[in-house]
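Once you scroll down, you'll see the structures, which are given as structure tokens.
Here chain A shows up in two complexes: once beside chain B, once beside chain C.
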Partner chain A sequence: MGKYFGKKLIIYIITFFIAVTINWLAPRFIPGDPVTSLLAQYQGPAAGRQMLETRLRTLFGLEGSLIQQYINFWANLLRGDLGRSILQFPREVSEIVKNNIIYDIAVLLPAISLSWIVGNKIGAMAGENEKIDRYIMPLFYGFVSSPYFWFAIIVVFVFAHSLGWFPTARAYGAGVRPAFTLNFIIVFLRHWFLPFFTMFLVGLGQWSIGMRNMVIYEIESNYANYLRSLGARQKLIRNYAFRNGVLPQVTGLAIQLGQIVSGAITVQVVFDYPGLGRLMYQAVQQQDFFVLQGAFLSLILMVLAANFLIDIIYMFIDPRIRLSYSEEE
Partner chain B sequence: MAEEKTGNPEQYTSQGILKTVFSRLKRNENLYLAFTNPKVVFGISLFSAVLLFALLGPYFTEYGINEFAGIGSPASRAAPSGEHPFGLTMQGYDVFTRTVHGLRATILVGFVGGLIASFIGLIIGLIAGYRGGMVDEFLMGLTNVFLTFPQLPILIVVAAYLPYRGIIHMAVLVGLVIWPWTARAVRSQTMSLKNEEHVALSRISANSTPRILIEDIAANMFSYIFMVFILQYMGTIMATVGLEFLGLGPTRGVSLGLVMQHAVQSGALYLGYWWWGILPGLFLMLMIFSLYFLNTGMDEVFNPELREL
Partner chain C sequence: MAEKVLELKNLQAYYRHLKGDVKAVDGIDLTVNRGEIMGVAGESGCGKSTLAYTLINAPAHLKHMGGEAYLNGKEIMSMSSGEFRKLRLQNISLIPQYALDAFSPTKKIKTHIRDLVRQHGVSPNDEFMEKVKDRLKIVNLDPSVLSRYAMELSGGMKQRVIMTISSVLDPDFLIADEITSALDVTSQRFVANMLVNLRDKEIIGSAIFITHDLAIMYQIASRIMVMYAGHLAEVGPAEEIMHNPKHPYTEALISSLPRVGIQHTDTRLHGIEGTPPDLTEIGPGCRFRFRCSYRTDKCDETPRREQVGERHYTACWNYEQVGSDSNDEQ
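And then the complex of A and B:
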């Protein structure tokens, strides 16, 4: 089991290392110098332009040899310094990121876990029940075939515009101040619901389809046939099939996480709901490169942390890994 | 072969031709099963319909993508009508025109990007699976690293710095990020194929490794590679459309994601221009939907265990 964890950990460390390196490489080696493109927006006296250019070059860390630049980049990062926003100048990127990441977690954590649990249940039912399979599954295939943002557009149109049940834009109303009052919590939940609902529905389709295929495969397998020939009740076979089907779904969760987070970026843009995704989008539009890089790195860290969490959970529910652990001891 | 030599006159009637086609298909069992599987037939039909729509659509519109086609309120002129089947945008563009042109661009990106991703994944998967040992450890480590990366953020960061992005740039960019799926799938297939007798025979005959990989292994999972390509095509399209929606699509021309980005930015949904935001994505959804069916159907054809006979 130590080996299992060690291998995973190495992969996570390399992934993080590559992410940081991409952040470092992007402004330096991709054609299209960010300093020039930022300077293009400057309309002032030439002397100021010169000053601004040296200032920007220092900010991007473009001074000294490449190796020196790379080491400085890591040193700053390990100190927790993600740079400062260009647009909201003195504000630190790490602070902006901190204010946004709460909303990502508030939407994604319940949406992913709930859709996973409910999806597995529905999928297992569909694997056995012809009617559910025939009528609900095509709908779910429709869900997973939709780009997240397109699905969000439909949800906005139906629930926010046509029915007018929920507000969109921002995490709470414009005139409301965050406080621990019932009023604020209701306002917050009403804004939170639609982004959550969108992520939940797409996820529901995804996990149901996965579980359905898994259960169909398990029910036809040799051990299930053997149980049947022994005269076991259908319910018992169903339980075994479910338990065997859940394991690949946990692995699937780790693999799909990147996809889901990617989808959440576009969903936040549609709902104009805060989060790292909307932050990245705004940073791209305003060419605020440090915010873009900081948000990117935080997203990667978030995904890696979640992956690690899933690894731990997997270890607890897969008897093979758990047992090999106790044998080692 | 026998029926061709006798010169049966029936072979020139439509029924006769159909008969020969089916008898030939029957000889190739997999192909026969594929074309009689309802999911495959449904998938191919729907996909062809969307493809035809994209190919022929531009001939059914008199407007250009950036041409002013008329303006009006959502309640009257801008709404879908005989003249503008998909309605108008707030700026007076024809949504139908923009949808068909955008769909073309998206399909092209998906095709090229899917090819690139399948190719990279195929090579890595073949080598990792065949060689095993340290090579396998290294290549699979690399694959797992890329698999853990959320794709869209990495694409955003790279695309944001690119001053000019053409359709091919987009395809290459996306293809370079999404290949790990193929690599994993091809590797596991290669591992099960490499112990077959014909591969051993080929090895004893002193055939070179590339030749064994191509002729003895890759050739034997052709159907599988095709299915993988479909998945990568879908993956490329989903990733590309996401980028386009964030304003990081091709810098020139129109794309499906861009049309929908404009709709969301202009607040089209709250002003009643639902056709502007929803109709362009509908065709995308139908295309991906059809491919899901095609893939599940093909899975049934090529995995006899799943076949419903």
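And then the complex of A and C:
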């Protein structure tokens, strides 16, 4: 068990290391120097310009040799310092990220966990019940096969534009101040709902289709046939099938996480809802390299951490993993 | 009079497919008395497992097409699945051919046992689990296997665990499908003898022992049924079948053994020329006639079952010729 944990940890550390390195490399090798572009707006005396440039380079971690910069980057990162925004200079990237990541978590955590739980239940029923399979599953296939942005546009069109049930844009209305009042919570939830709902529906389709196929396979497997031969009722067999079918779904969650997060970026842009996705989108447009870098890094970290958590959970629910690693020890 | 546990009358079961029916069990007559171990032999694909499935575990596309099957005098083919469910494990039970793959990988052995007996209204209390442990001792297993997962057990161990589970509620009739095939020679002997042991201890009333290994069958079966391509070829006392076969196919099977009737450990069915017919939409007539050296024109008609001795029947028009010197091959 400890061995499994250790192995996973090493893999995640290596992945993190590579991701950070790429993240560091990218802005340095794409054309256009952020400092030069900032200085272009400067209209003071030349001496001041010189001074400013040095200050900016220090601030952005762009002074010294590349190796020096790389080491500094890590040192800052480990202190939680992600540099400063170019556009909203001198705001710290870490603060901007913090203000945005709350919304990612508020949308993704419930959307992913609820769609996973409900999707698995519905999928298990569909695997067994022809009616559910015939009438609900095609709809779910529809959810899954349309790209996120297309699906999000439809949701906006139907629920926000045509029906007018929900607002779009921002996390709460303009002019509303965040406060812990019922009023604010309602406003917040109404803004939150559509992004959440979109993510939820796509996930629901995905997980129920996966579970349906697993259950169909499992209830025809040998152990199910054996149980049936010896007089087990369908309910018991269903429980056994679900228990086994859920394992690949957990693995699937780990695999899909990155894709879900990138789907969330699209959804945020379509709904103009805050979050790291929209932040990145804006940063790209405004060439705010360090915000882009920080947001991207935070996303990667989030996905890696969630993946790691799922791996640990998996160890507890699949006896095969537990056993195969305890035998080695 | 001996008590009949299982009686089959002209039992027919076909796999229904778009291409046509696969007539894998086609007119089987059989009586198994209490205390008997009935061996069922025949080449791969002759319908041995299908016979087992017909009796206990029919998949959706395997359809009962005719004939009857009586378990303790009650007809089971016409029973509702709810009614038959109650007979499972308590009256009729199965050790499937896929025994090594018969456990859920995420449940411990004891969970399987507990869940199964609960389905029959038996409470898996301490007393019951003690009984299970005693049963495990009979098959030479340590009670600790109960707390294991299937992946932790060897093939032979799994086979013995399955044996214990399938007989845990003392069924009158146990179908043992190829329980020795996946094992090494010593385990084969052990498992086969265990079946006899269960019968002797009256844990099971009687059994069908399906195998293609005639040598091991001869060791433990009191009677033997030989199947060919879905048909019953011959059925009778083990001694008679091995030493005085009355069907050309039985004769060929036995003569393909290295030494007739001698307990031999590694025997395979070879030495019969040709291949079994395709069972899809097969017409009337003796199904063995294409490979048979006794063939006559009469064989285009499906043979009747002839009694040739005490509880010994054959389905061959020319059974009187079988075994006579003039026609002895090899």
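The working rule: the second predicted complex is superposed on the first by the 283 of 329 C-alpha atoms of A that agree within 3 Å, B and C clash if a C-alpha of one lies under 4 Å from a C-alpha of the other, contacts with A are read in each partner's own complex, and residues count from 1 in each chain.
Throughout what follows, a contact is a pair of C-beta atoms (placed from the backbone, for glycine too) under 8 Å apart; a residue touches a chain by one contact, two chains touch by 3 or more.
Model, not experiment: these values are computed from the prediction.
On the superposed chain A, the positions of chain B and chain C stay apart, so the two partners fit side by side. In the superposition on chain A, A:240 contacts chain C only, with no contact to chain B. Of the two partner chains, neither chain B nor chain C is touched by A:82. Residue contacts after overlaying the shared chain place A:228 against chain C, while chain B stays out of touching range. By the touch criterion defined above, A:285 reaches chain B but does not reach chain C.
Of the two partner chains placed around the shared chain by superposition, chain B is the only one that A:23 touches, whereas chain C remains out of contact. Taking chain A as the reference, the larger set of touched residues comes from B, when chain B and chain C are compared. In the superposition on chain A, contact is made by A:303 with chain B only, not with chain C. With both structures placed on the common chain, the touch criterion links A:154 to chain B but leaves chain C unconnected.
Of all Cα pairs spanning chain B and chain C in the superposition, the closest are 6 Å apart.
By the touch criterion stated above, chain A contacts chain C in their complex at residues 222-223, 225-233, 236, 240, 243-244, 247, 317-320, 323.
Residues of chain A that touch chain B in their complex: 10-12, 14-15, 18-19, 22-23, 26-27, 30-32, 34, 37, 141-142, 144-150, 153-154, 156-157, 160-161, 216-217, 220, 255, 257-259, 261-263, 265-266, 269-270, 280-281, 283-285, 289, 292-293, 295-296, 299-300, 303-304, 307.
The touching residues of chain C, when paired with chain A in their complex, are 56-57, 59, 85-90, 93-94, 96, 98, 101-107, 112, 115-116, 119-120, 149, 151-152, 165-166.
By the touch rule above, chain B contacts chain A in their complex via residues 141, 144-145, 147-154, 156-158, 160-164, 238-239, 241-242, 245-248, 260, 263-264, 269-270, 272, 274, 277-278, 281, 284-286, 288-289, 292-293, 305-306.
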